[in-house]
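Heads up, there are several structures right after this.
Paired with chain B in one complex and with chain C in the other, chain A is shared by the two complexes that follow.
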Partner chain A sequence: MENTKENSFVRAIKSNQGLIITILCLIALPFVIALINGQSFSSLLANEPGQAKFYQGLIIEIFILAIYALSYDLLFGITGLLSFGHAMFFGVGAYLTGILLKSFGWTLLPILGVVAVAGVVMALIFSIVLPRVKGITFALVTLGIAQVFHIVIQSREMAKFAGAEIGLQGVTPPDFLNPISQRLRFYYFGLVAVFVVYLFYKRFVDSPTGHVCIAIRENEDRATMLGYNTFYYKLVALIISAITAALAGVMHGIFSPIIRPGITGSGFTIAALLMILMGGIGTLNGALIGAATFKLLSFLLEKWFGGASQVIVGLVYILLVLFLPYGIVGTWRLRRLQIKQGWTDLIGRFTGKGRAESS
Partner chain B sequence: MKNDHILITQNLRMEFDALVAVDNVSLKVRPNTIHSIIGPNGAGKTTFFNLLSGNLSPSAGRVFYKGRDITQLPLHRTAHLGIGRSFQITNIFPNLTVLENIRLACQALGRGNFRFWRSHKYFKEFEERAREVIQQVGLEKETLALARSLPHGGQRKLEFGIILAADPEVLLLDEPTAGMAAEQVPELIQLIRDVQKAGNKTVMLVEHNMNVVMSISNTITVMHQGQVLAEGTAAEIASNERVQSAYLGQLYGDLSGS
Partner chain C sequence: MNTLLQSFRKNRSLWTTLVALLFLFVLAVLGLIDQDAEGGARYKNVVFTILRGFSTGSIIFGLMNVLNMAHGAIFMIGAYVGWTVIVRPDTAVDTFTPIVLLASGFLLAPIWHKSINKLKLSSRVSRLWPWLSLAFTLVVLGFFVPQYPITSWNLGSYETTPVNYAFAASQGQVVVPEPKLFQGISPLLGLAGIILGSILAGLTVTGFATSRRANLAGAAMQTESSWKPLIYFGLLVFLGLLVFSFNTPISEFLYSLDSTWLFIIAILAAVITGAGLGALIESSVIRPIYEWHMYVLMLTMGVNVIIVEGVRSIWGAPEFTMHRPSVFAGTGEGCPAESLSALIEFKCSTISVLGGRIRTYNEIFITILGFIVLVAVWMLLQRTRLGMIVRAGVQDSEMVKALGINVQKIFTIVFALGVGLAALGGVIGAPSTGLTTALGESLLINMLVALAIGGLTSYPGSAVGALMVGLLQQFVIKYGQIGINIPFMEEPFKPSPPLVPAMTVLLMVVVLLIMPNGLFGRSK
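Entry: the complex of A and B
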């Protein structure tokens, strides 16, 4: 009895090796960055300004984007619902957080409740058209709905709360999650958030409900004729996705010094699409890797090329889609065996030399 | 009166713009029989099946299943009543494994579909049943293969397995052997026969192979341009002058041999 329990525990660790290693690396990363920048650990723990803090911020933004990309992967990659209005979910989360903190002085917990409810309401609004439209029509309807929100949030009438086209500034974040004075804590909070959402999503995709969502993506008519009322499954996926994206928005609302209306626009939906395209559609892991690639790529290209970076970003995407049609994770899964073989060969060839050098 | 028949249609009619694909079809199907529908391409057989299964809703007329009017029933309810449907053009989940294709069919009518905090593996009974069905249709070796990697004949078997998995009372099979290699046909037909006999099921069959139809059917309905031209046993249909002269002879060749 004991023995089998231990075995299954060992097996669970073994089958999640990659995940565990990634998390350990991410836990250590702020310290590694500090080391590289010659910053002492005590100054790191005191959140003193410096390069290390800047890079923590960059990774926190990746965490937020990763949750946002996961939510889009559930909707589009797993369930096959192409939405062009996804940024609205994120934007509502961010703006609600900013407005409730700044203009109404709310604390974080009730804000989370309100945002979750808002997520459900938005999912229900999107779902009104679900039984009637499919494919690209659903995409266009969701684009329309999100565009209305995009215009309203920038309107003069809303300026008092949302700051019109400039964006919402001067939000006082909660003390315990202050992105400046508690950045390291925010970093680990973000890491936990990504981890929890990712595990929940993995579980969902592996559940009976998740399998039906995949069946709907693969052949909705067949799923219906098997006896599944596909509307309910799409609704469940939509609700989970909307709440998740809105919660990522909350993190953005707290972390970002300015909540810009751009995050509610179609460009930010396309960003989600690009992230999962790059990472690998419907793989969940791909959403995480895609978010990191997306953020690092735009950061580095902007640093190197400045104003011309937009064009180069576009070119890089075209190349990525051309040469990695299944995204990074999808292609990786296809090639895993070949790559494994390749590595074994490579390591075999350089074993002696490689070991001598590293010691 | 209605209850002597498991499936009844009353003056069923389907119009596509100006075209009347199914024209005033009234049909009664006895339980525990194999009831075939034959007729040339474009006769309206597939459209008629679509009306029975709820894929289309008729322009006029009604469909009764066990005395219950199911004309306006939503498509996903049909399976729950015990009606399974296969398609002339293979309709499966091409990117999922054979096991998952059939497991999904088993899960559809079971419990636990909305428990998204539990792994699907927790619901072992679906997988066990799926493996039984896979064995029944003879796809054990391909259990973990992707459906799209199966040869055409294998995909036809898989689709039949998907129907079987739900253990329906009525099977609507639209050209189940279409495109299959000739030597594979008898195997599938025998399987359909066995399933029908063993489970006291009702099979409605659209089939172009006249030898098969004549040997397997309790009742045959001949459709032509959306209408019922004749109905009867194999012998009656084979000797029906009207059917013969109208088109059977030219279309399916001489029947005297079979």
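Entry: the complex of A and C
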């Protein structure tokens, strides 16, 4: 009895090797960076300013984007609903957090509840047209709704709360998750959040509901024919996705010093698309990898090219859609055997072993 | 009568929706009439609001082109190019030559195509040499293009920002900047380098196209005689060189022109720029994936981001205003005009009708132009050979191809035309909307709403949608000024400006709930 239990445990570890190694690496990463920069661990734990702290911030932003990308992947990659208004969910989370913290002085827990409710409401607004409208028209409708939110949040009437074009400034984050004085804690909190969301999504996709969602992506008419009411499944995916994106927005609202209105615009939805395109549409780990690649790429481009970096990001996006539509993970899955073969050939050439031996 | 009944039965939901919308429209009009206390000018608000709605609608309508998310951005490009031509003619003239020279090389593509097909290269070579050619092109262009002298503004220093310059120009204190000259290399070498680069670029593009099409039977594609492209190439190069050699006199002439003539030139420049950009986008980005609508949508979104950021890095973030051409700008004696003859005589900016003022440019000129464009495009689609091929090609492109018609080329032309119209809308609308980098975004919503209301595949549908959106917006704005009396409320409810886009989206959602394919769209 105990033997089989242990076996299944070992098997679970083996099948999730990459995930566990990634988590361990990310846990160790702040200390490694501190070691490289010659910073002592005690000063790291005390959150003293330095290179290590800066890189922690960068990775925290990757965590936030990863949750956001995961939520978009569930909607577009898994369920096949192309929405151009996804940034609205994120923006609602971020702005609601900022406004409730700053203007009303709420604590974090009720804010989380309110944001979750707001996410559901937003999803329901999107879903008004869901049963009747498909494909491109759905994309247009969501874009329209999100743009309205984008305009409202920048308007003069909301300036008292949302800060108009400049953005929401001067939010005092809660003490125990202060991004400045408690950054290391924020880092581990973000890490836990990403992997909790990831595991939950993995479970969801493997569940019967998730399978129906994939069936809807592949062929909605056939799913309807088999007797599934596809509307409910799409609605579930939409609600889960909206809540997750809004929670990512909460993290953004606490972490970033200024909440800019840009995060509610269509550009930020494009960013989500870019992330999952880079990683591979429809693959959950692709969303994580894509978010990391996207953030690091735009960080480096910003460093090298300054203001023109957005143009280059757009170019990368177009080239990806044209030449690598399956992304990193998708291409790896498609070409895994070819790539392995290529490597063995290459190594074989240097080590003197012939082609015949490896094949 | 019988056929009417039949059509009613067939399209029951369409008619019900239209009647309901008409009812709401009448209600809104009645509300406006009630607001007016004076008996004489009772219909003033109504007429003005409807006229304004039509003019807004016509601007939106210029944007119609299915599935192009970059359309708003092109609209913006049109506005910025027009602004540049009017405020800085010297910069416009300076940029003319390199752009024409760069474009000229691509005209030689058919010749390259033919000679490559004659060569019969092995597949490995034909796959390799375009990359070599690309590298060479990049080196040549990277060396010569930055050397080309363009007298322009500098976003870095305050003295020479476009805003500052435009302000000086509006005060009548234009300082014509010294034209820049080639430095370091002789002008002849610089121009020759650019021409060489563009020829190489054309060669590269042809190379990639042939290597991709190597397996297919693409050899019999070209039937044109081979001297034609050469002549076009020569003409274009000659034009570029001509403008280069008479650069200073041309810019001085443009500076001395009346603003109406300059405005016409600006319109031309904007339309040509827009059409060129459209052809470029279509042939490079959209053509490979025409069938996958989702990907086209995603790609054009990317193009949109690139264009907006590009505009931001060239012209900078601040807003500009553009002056109306002098024909529509008179304000002095005799204005507002009482009659049509007075309008023509004094070139008034406003005309008095029904005891109120109508702006000639915004409400009359734009409306008329919008209707002309609408009718022209409608005629083009319905009554010409080109329109016939387009309609057939949309329905069954394989069959049209089999009949020996180059469908790809036709689609490129149509796309360029649509995008050119967007640029036209941009430059026409610029005096009334102003120029911001967010211009494209706000127009994009209106355009999408209009398209979704009218039905994605229907041309008259999008016209109706555009008009409805325009009317609705103007009614909301008007009610925002005068307020609505809601029972049991102390103060009248005043819709605020952010409600305008919200109302249009609400209209779209309601229409789509009733008719998922839009008013006039067909179900697939």
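General observations
What we mean here is this: the second predicted complex is superposed on the first by the 331 of 359 C-alpha atoms of A that agree within 3 Å, B and C clash if a C-alpha of one lies under 4 Å from a C-alpha of the other, contacts with A are read in each partner's own complex, and residues count from 1 in each chain.
As a working rule, a residue touches a chain if its C-beta (ideal position, glycine included) is under 8 Å from a C-beta of that chain, and two chains touch if they have at least 3 such contacts.
From a predicted model like this one, the values you see are computed outputs, not experimental measurements.
When both complexes are superposed on chain A, chain B and chain C sit side by side without a clash. Touch criterion met: A:G144 reaches chain C, while chain B stays clear of it.
In the superposition on chain A, A:I270 contacts chain C only, with no contact to chain B.
Legend: residue contacts after superposition of the two complexes on their common chain; A:V212 is shown touching chain B, with no touch to chain C.
Within the superposed three-chain arrangement, the count of touched residues of chain A is higher for C, of the candidates chain B and chain C.
When the two structures are aligned on the shared chain, A:L26 is found in touch with neither chain B nor chain C.
Shared-chain residue A:R203: touches chain B; no touch with chain C.
Once chain A of one complex is fitted onto chain A of the other, the partner contacts of A:L322 are limited to chain C, with no touch recorded for chain B. Look at A:G135: by the touch rule set out above, it reaches chain C but stays clear of chain B. Taking the C-alpha centre of chain A as the vertex, the lines to the centres of chain B and chain C open to an angle of 80 degrees, rounded to the nearest 10. Judged by the touch definition given at the top, the superposed model places A:A223 against chain B, while chain C stays out of reach. Remark: least CA distance from chain B to chain C after fitting both complexes onto chain A is 7 Å.
Common to the chain B-facing and chain C-facing surfaces of chain A is no residue whatsoever. Residue ranges of chain A in contact with chain B, taken from their complex: 203-204, 206-212, 214-215, 218-219, 221-230, 232, 236.
Across the complex, chain C meets chain A through its residues 67, 285, 288-289, 293-295, 297-299, 301-306, 309-310, 312-313, 441-442, 444-445, 448-449, 451-452, 456, 496-498, 501-502, 504-505, 508-509, 512-513, 516-518.
Those residues of chain B whose C-beta lies close enough to touch chain A in the complex are 53, 55, 74-80, 85, 91-96, 100, 103-105, 107-109, 112-121, 123, 162, 166.
Of all residues in chain A, those touching chain C in their complex are 82, 84, 128-129, 132-137, 139-141, 143-145, 147-148, 151-152, 155-158, 265-267, 270, 273, 277, 307-308, 310-311, 313-315, 317-318, 321-322, 325.
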